[in-house]
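So the structure is just underneath, and the comments pick up after that.
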Amino acid sequence: MIYFQSDYTEGACPQIMERLALTNLEQTPGYGEDEHCRRAAELILQACESPASKVHFLVGGTQTNMTVIASALRPHQGVLAADCGHIQVHETGAIEAQGHKVLALPALEGKISASQVEKACQAHREDPSFEHMVQPAMVYISQPTELGTLYTKKELDKLRQVCNQEGLYLFVDGARLGYGLAAEGNDVSLPDLARLTDVFYIGGTKVGALFGEAVVIQHPALQKDFRYLIKQKGGMLAKGRLLGIQFEVLFEDNLYEKISYHAIRLADRLRAAFREKGYSFFVENTTNQLFPIISDEKLSSLKEKYAYSYQFRIDEGHSAVRFCTSWATKDEAVEALIRAL
Amino acid sequence: MIYFQSDYTEGACPQIMERLALTNLEQTPGYGEDEHCRRAAELILQACESPASKVHFLVGGTQTNMTVIASALRPHQGVLAADCGHIQVHETGAIEAQGHKVLALPALEGKISASQVEKACQAHREDPSFEHMVQPAMVYISQPTELGTLYTKKELDKLRQVCNQEGLYLFVDGARLGYGLAAEGNDVSLPDLARLTDVFYIGGTKVGALFGEAVVIQHPALQKDFRYLIKQKGGMLAKGRLLGIQFEVLFEDNLYEKISYHAIRLADRLRAAFREKGYSFFVENTTNQLFPIISDEKLSSLKEKYAYSYQFRIDEGHSAVRFCTSWATKDEAVEALIRAL
Amino acid sequence: MIYFQSDYTEGACPQIMERLALTNLEQTPGYGEDEHCRRAAELILQACESPASKVHFLVGGTQTNMTVIASALRPHQGVLAADCGHIQVHETGAIEAQGHKVLALPALEGKISASQVEKACQAHREDPSFEHMVQPAMVYISQPTELGTLYTKKELDKLRQVCNQEGLYLFVDGARLGYGLAAEGNDVSLPDLARLTDVFYIGGTKVGALFGEAVVIQHPALQKDFRYLIKQKGGMLAKGRLLGIQFEVLFEDNLYEKISYHAIRLADRLRAAFREKGYSFFVENTTNQLFPIISDEKLSSLKEKYAYSYQFRIDEGHSAVRFCTSWATKDEAVEALIRAL
Amino acid sequence: MIYFQSDYTEGACPQIMERLALTNLEQTPGYGEDEHCRRAAELILQACESPASKVHFLVGGTQTNMTVIASALRPHQGVLAADCGHIQVHETGAIEAQGHKVLALPALEGKISASQVEKACQAHREDPSFEHMVQPAMVYISQPTELGTLYTKKELDKLRQVCNQEGLYLFVDGARLGYGLAAEGNDVSLPDLARLTDVFYIGGTKVGALFGEAVVIQHPALQKDFRYLIKQKGGMLAKGRLLGIQFEVLFEDNLYEKISYHAIRLADRLRAAFREKGYSFFVENTTNQLFPIISDEKLSSLKEKYAYSYQFRIDEGHSAVRFCTSWATKDEAVEALIRAL
C-alpha cells in the first residue's frame, strides 16, 4: 500500500532525526527557553527579514489557531474565515470553545477576498442591531488554502489594506506554507507574510518535522504575554527544545525550501500525468494537494494499492479525491501511481 | 409617532402592573423560591398537561437560550439551528461564548426540517473526520420563527422522531409563543410542545410581561441542577417573585391567550389591508410579525408617523420591512396605519 | 413572620412603582436606548461628578460582575479578590465560567489591603514560573463588603496607587453601595469612587429598586464596546427603560440617599440594642448588615417570629447570624425584634 | 553545569530514540489511529489488568488535565484539588479557561484526605446557598504529589469510597507515576489505579519519553467521545504514532519500570547523603524529587556547578530547594553533587 492521503504519514526528514539523536542527552532548560529555540527563532526572523517580530513554537495547527485567536480577540469578537477554512470545519469547534464565533464567508476556490471582508464589516457596522451581532475583528486565511490554492501578493496586499481600514488583525495559517512558497507561480515570500500579516505560522508538521508550528508575531498587542496563552491552552512543550531543534534544522541551509520543492516537483509530475490522461480537477492549484475527479470504477481499482483521501461525490459515477505529495514522497511511488492511472 | 417596530415597546399589561403593586410590600424569600413562583409553575404545568416537567423563570431570551444550551451540551457538541435563528444571528455569539458552535442549516421561510436535521447527522456520522468536527447534539427552533412562520404539529412530530433516532435534544424558543398559539391555522398546543420537546420556553417579555421567560423542562438530564446553571449564567433574579407574579397573572384566567389573540386580531386586520392594497409579503405568515415589501417612496412618507423595523432591500426601489402588533397595540393605531398605506 | 434575612425581601419603593405605572404605556425603543436610560445616566454622572464616565444598566449583580470582568481581562489574566468576596463564594463560578481565575486573598474583616495586592503582584512577577501562573490584572472589592465593613478613602487611595503601579484595573462592586454611602463614619463619596476606580456599580436591587445595577465606567478600554458584552452575557433587557426609569427615580431628589439613610438609622437602632443587651458581633460595622453572635437557645425562640440568615457556628452553643435592614424595613419591625432580644 | 532542577532536561531514553529512527519512514494513518498506538494501548491495558479501560495518548500534562476535566464536568461543577496541586498553581488557569473552578483544599505534605473531600461535599450540600456555589464533582490528586509524596493504597481506597458516596469522579495525575511506582514503600500498583480511579494517566514526558501522557479511562461516561475532546483542546497529534511508538517501547520489557528504578536509586543515594551531612528536608518523601533545606552560603557555592529549582525561603539564611533525579541522571553527576555538599 502506498499512502497519498495526507502529507503527514511519515516521521521527520532524516536531518531532523539525526539532530534529535545528536542532541538527545544535552541538558537544557524546559518550556522553550533553551538555546535551540533561541537560535531557531533567529534563523526564522532572518528568513522573514523581520527582526522586530517574535517567534514561538507550538506543537500543532489546531492548538496554534486557538491560541492565536484567543490571544487576539475580546469576548464579543469573531474571526472571518472561508467556509472551507480549517477552523470552521475541522477543529471540533476549537475556536468556539475559546468563546469566539467563526464568521464564515463563502470561499471561491478556497479563498476569500478583500471585498468580501469589507462588505462583511460594512454590513456589521451599518446594521441597526450591530451590538446584537458578533463583531468581526480578525481575518483568518490559509496559505496555501485547504484546497491547495494560493493567495497572490496583490490579494494579500488588498486584504492588508482592508484590515487596516476596518481595524482587523490578519492571521495566516501556514500549516503547509513550505509547499506554497515552493509552488510554481507563487509570488508571496516569507518577508511578504511578515510585512503583510499581524501573525502567521510556518508549518513544520506537514513539511518535514515530527511536529511543530513556528508562530511569527508582528503586532505588539499579540506579542504581549503570548507565552502565558501557550501555557494556558496546553501548548507549552516541557522539552521545548524539540521544537527549536527541528526548526533549526529546517532553517539551516534552506532545508525547509529544499524539501518543499521536492514535494512540489512530484506534485507537478503527478498533476501533469492526470491532465495527460484526461482527468479534470475539482480545483486547479500548483501546490502539493491534488483534487482530481475520478470515476468510481477507477477508484475501486486504485484503492487496492494507493491510499487517497475521499472528498465528495461530483456526479453519478465520479468523485473528487485528494492525493498529496510531501517531503517524504518517493519518485517511485509517484511513477507507480501514474502507471496505475 | 406610533411604534410598530417591535413587540416590546410598552411595559406590561395592566393586570400585571396591578398585581405587582398589590404584592409590592409582601416579604418573600429570594431567587425564585417563593410562593408566587411555585404557583406560577403549577399553573403552567397544568396548561401544559405535563406534571413531571419542571418550570424555571428567567429574565430574557438570550439568557434563556445560553443557559439551556450550556446545560445540555458537552464541550464538543453543537446545536443545529436555522441560519436565521436568533442564536445564530442576534445574540452577539452568546452560544459560542458558552463554548458551542451553532451548526446553521439553510432555513426555508424561517424553518428547518426533520430531513435537514437527519442529513446533517448522517453527514457527520459518515465523515471519516467526524471527530474533527462538532457533534450535533441539539436542535433549536423557534415557534413562531424569526419570520413569523409556524411549525405544524406534523413537522414537530417528525423533528421529534429524528431527534429520538439521532440522540438529539429538541429545544423550542418560544419568545413569541403566545402569538403562535393564537394564530389562525396553528395546530400546536402547549401540551404538544411539552410532549414533543425536551425543553421549551413560554415568552413573557414580548407577550404582556415586563420581562420573563418560563422554561419548561421535560428531560430529566436537563432538569438536574438547572438552578445552578441559572445562577452561574447571571439569570437568577434576586427578587425572583417578580417573575412568578407575572406568570401567575398571565396563566390565571387565560390572560396569556387573550392578549395574544388581541395582537393576532390586529395583525390579521393589518395583513388583510396590506393585501387589499396590493402589497406582497417577503414571507407569508399568520402571526404578529408582518413583512410587507414596500416602495422607498411609500416608506419615506410612512416613517414620519409610523416606526417599523427595516429588514433589507428587495430590489431597486423596494424593501422588506417589519410591522409588529402586540398585546398593547391599539385598534386606532392599526386603523391609522391602514389609512396611511 | 418578620423577615430580616436579606435586603431584597420586598418589591420596590413606592415612588418607583408609581413611575413604572405612570410610564407603562409609553412606547420606547428597546435595549436601553430610550430617553429614561439617557436621563438616568445623566443624573448618575452628575452625582458622580464624572462627565466622561459611561453608565450602563444591568439587571443583577452576578451578571454585572461577570460582564465587567469578562470585558476587562485577556484569557490568561485573573482578578484579585477577598476570599469572602461575592465572586469567589456566591456566584456558582460565574467568573471561572468566563474563563478567569479568582485569585483569592485572605480578607481581614471582609477587606483586602493595597499591601496584599502589591505582594501578590510582586510574587507573581518574581516567580521564575510566572508564565505558568494566572496573571493578576484586576482588583475586585465590594463597598460595603460582604461583611458590611467599609473601605476608607485612604484605603481606596492606596489601592488605586498600587493598581496604577502594577497595571491593574480597580473594580468596586457596589451592590449595597447606598447603605455604605449613608453609614456613619463613611468618608467615600460617589465622586471619590468615580475618581478612584476604573469601573464600579451602584446597586439598585438591594436599595429600593425591583432590580438593577448601574455600572459607571471610567476607563476608556472598558467603555469600548461594553454594550456588545452586555448582550452576549444575557444582560441586555429588551425593555431596558425599566432600568432607566428606576434609576431616574432613585437619582431624582436624592431618593437613593434618603432610603439608604432609613435603613442605616434602623440598623443603628438595632445595633445599639444588641450592644445594650450584651451581644457581641462577629464583625463590627456601621452598615445595614448586622452579624451578632447569639446563643442557640435564643435563636430557637427568635426564629419562630423573625427570619435571619444563618452564618456559622462560633462555639458550642453560639452562632453568628445576619440581620439586615433595608429601605423597606419598618420601625415597628425593628422595635418588635428589639423587644424579643 | 549539571542540571538537577527538573526531570525533563534531556530528550528520551535511547531505546525510544532508536525506535523512532527505525520507524521513521513507515507510512501510517494520522491522529493516533495507527498500529503503534493500538499496540501501546494494549500493553498498557495489560499492565493495568483492566481490559475494559480505554487508553488515549496526549502530548503533555496541562493539556491532559484540561481535556479530562472539561470532558467530565458540567458547567456548574468544579474539581477538588490540593492547594499545591498542579492545576491550581502551575497551569496558567487552564482549568478555569475551560470554565471550571478549582476548589482548593489545604494539603498536608502535598496530599488531601478522604475526610477533607467528604467535609467539602457535606458543607456544599448543607449550605442553604448551595446553588450559588460551585458543585464539587471530581477529585484531582497527583501520584506522586507535587511534593514527591505518595498516597497509600489505603488512602486511595478511602478517597474512592468517598467519591462513590458523594458521586465524584476520581482523577489521578500521574505525570511522575513511574517514580511513584518504583519508590520504596509504595504499595499502589497500576492495577490498583485502574481499579480505584475513574481516569488516570501515566506520564511519559518526565519518565523517559520525548513527550507524552497515556490516559487510562475507566468510567464509561468519560470514555464516550473522548477523541472529540482531545481534538478540540488541541491535543490530537497529527503524527499520533509518535506517542504510540514511545509508549510501546516504554511498556515492552518493563522499560518504564526499569528507568524509574534508576531514578529512584539515585534519589535514594542523594537523600541518604543529604541526611548524613545533616540536612533536613522541607518534606520527607521517597520519590525522585528532593526538597532539602540549605543555607544561603551553601547554595551560592552549589549553584556555580549544580542547577536546582528554588522553592522558597524557610528562615533568615535558609531556603528549600528542589533536586530531581530522572531516568537520565548519571551516577557520576550524583556522586559529584554529593561531594560538593
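List of remarks:
Should a chain be cited, it is by its letter among A, B, C and D, assigned in written order, with residues numbered from 1 in that chain.
Simple rule for what comes next: a contact is a pair of C-beta atoms (placed from the backbone, for glycine too) under 8 Å apart; a residue touches a chain by one contact, two chains touch by 3 or more.
Keep in mind that this is a model prediction, so the values were computed, not measured.
Two chain pairs are in question, B-D and A-D; the one with more C-beta pairs in contact is A-D. When every chain is reduced to the mean of its CA atoms, the largest separation from subunit B belongs to D. In this assembly, the C-alpha centroid of subunit A lies 42 Å from the C-alpha centroid of subunit B. Centre-to-centre spacing of subunit B and subunit D amounts to 49 Å, using the average Cα coordinate of each chain. A straight line joining the Cα centres of subunit A and subunit D is 33 Å long. Shared interface positions of subunit C, defined as residues touching 2 or more other chains, are 75-76, 91-93, 97-99, 131-132, 228-229, 231-232, 236. The residues of subunit A lying in touch with subunit B in their complex are 75-76, 78, 89-93, 96-97, 99-102, 128-129, 131-134, 310.
Residues of subunit A touching subunit C in their complex: 31, 70-71, 74-76, 98-99, 131-132, 135, 225, 227-229, 231-232, 236. The part of subunit D that touches subunit A in the complex is made up of residues 1-3, 5-6, 8-12, 14, 17, 20-21, 23-30, 59-63, 66-67, 91-94, 97, 205-206, 210-211, 228, 231-239, 242, 328.
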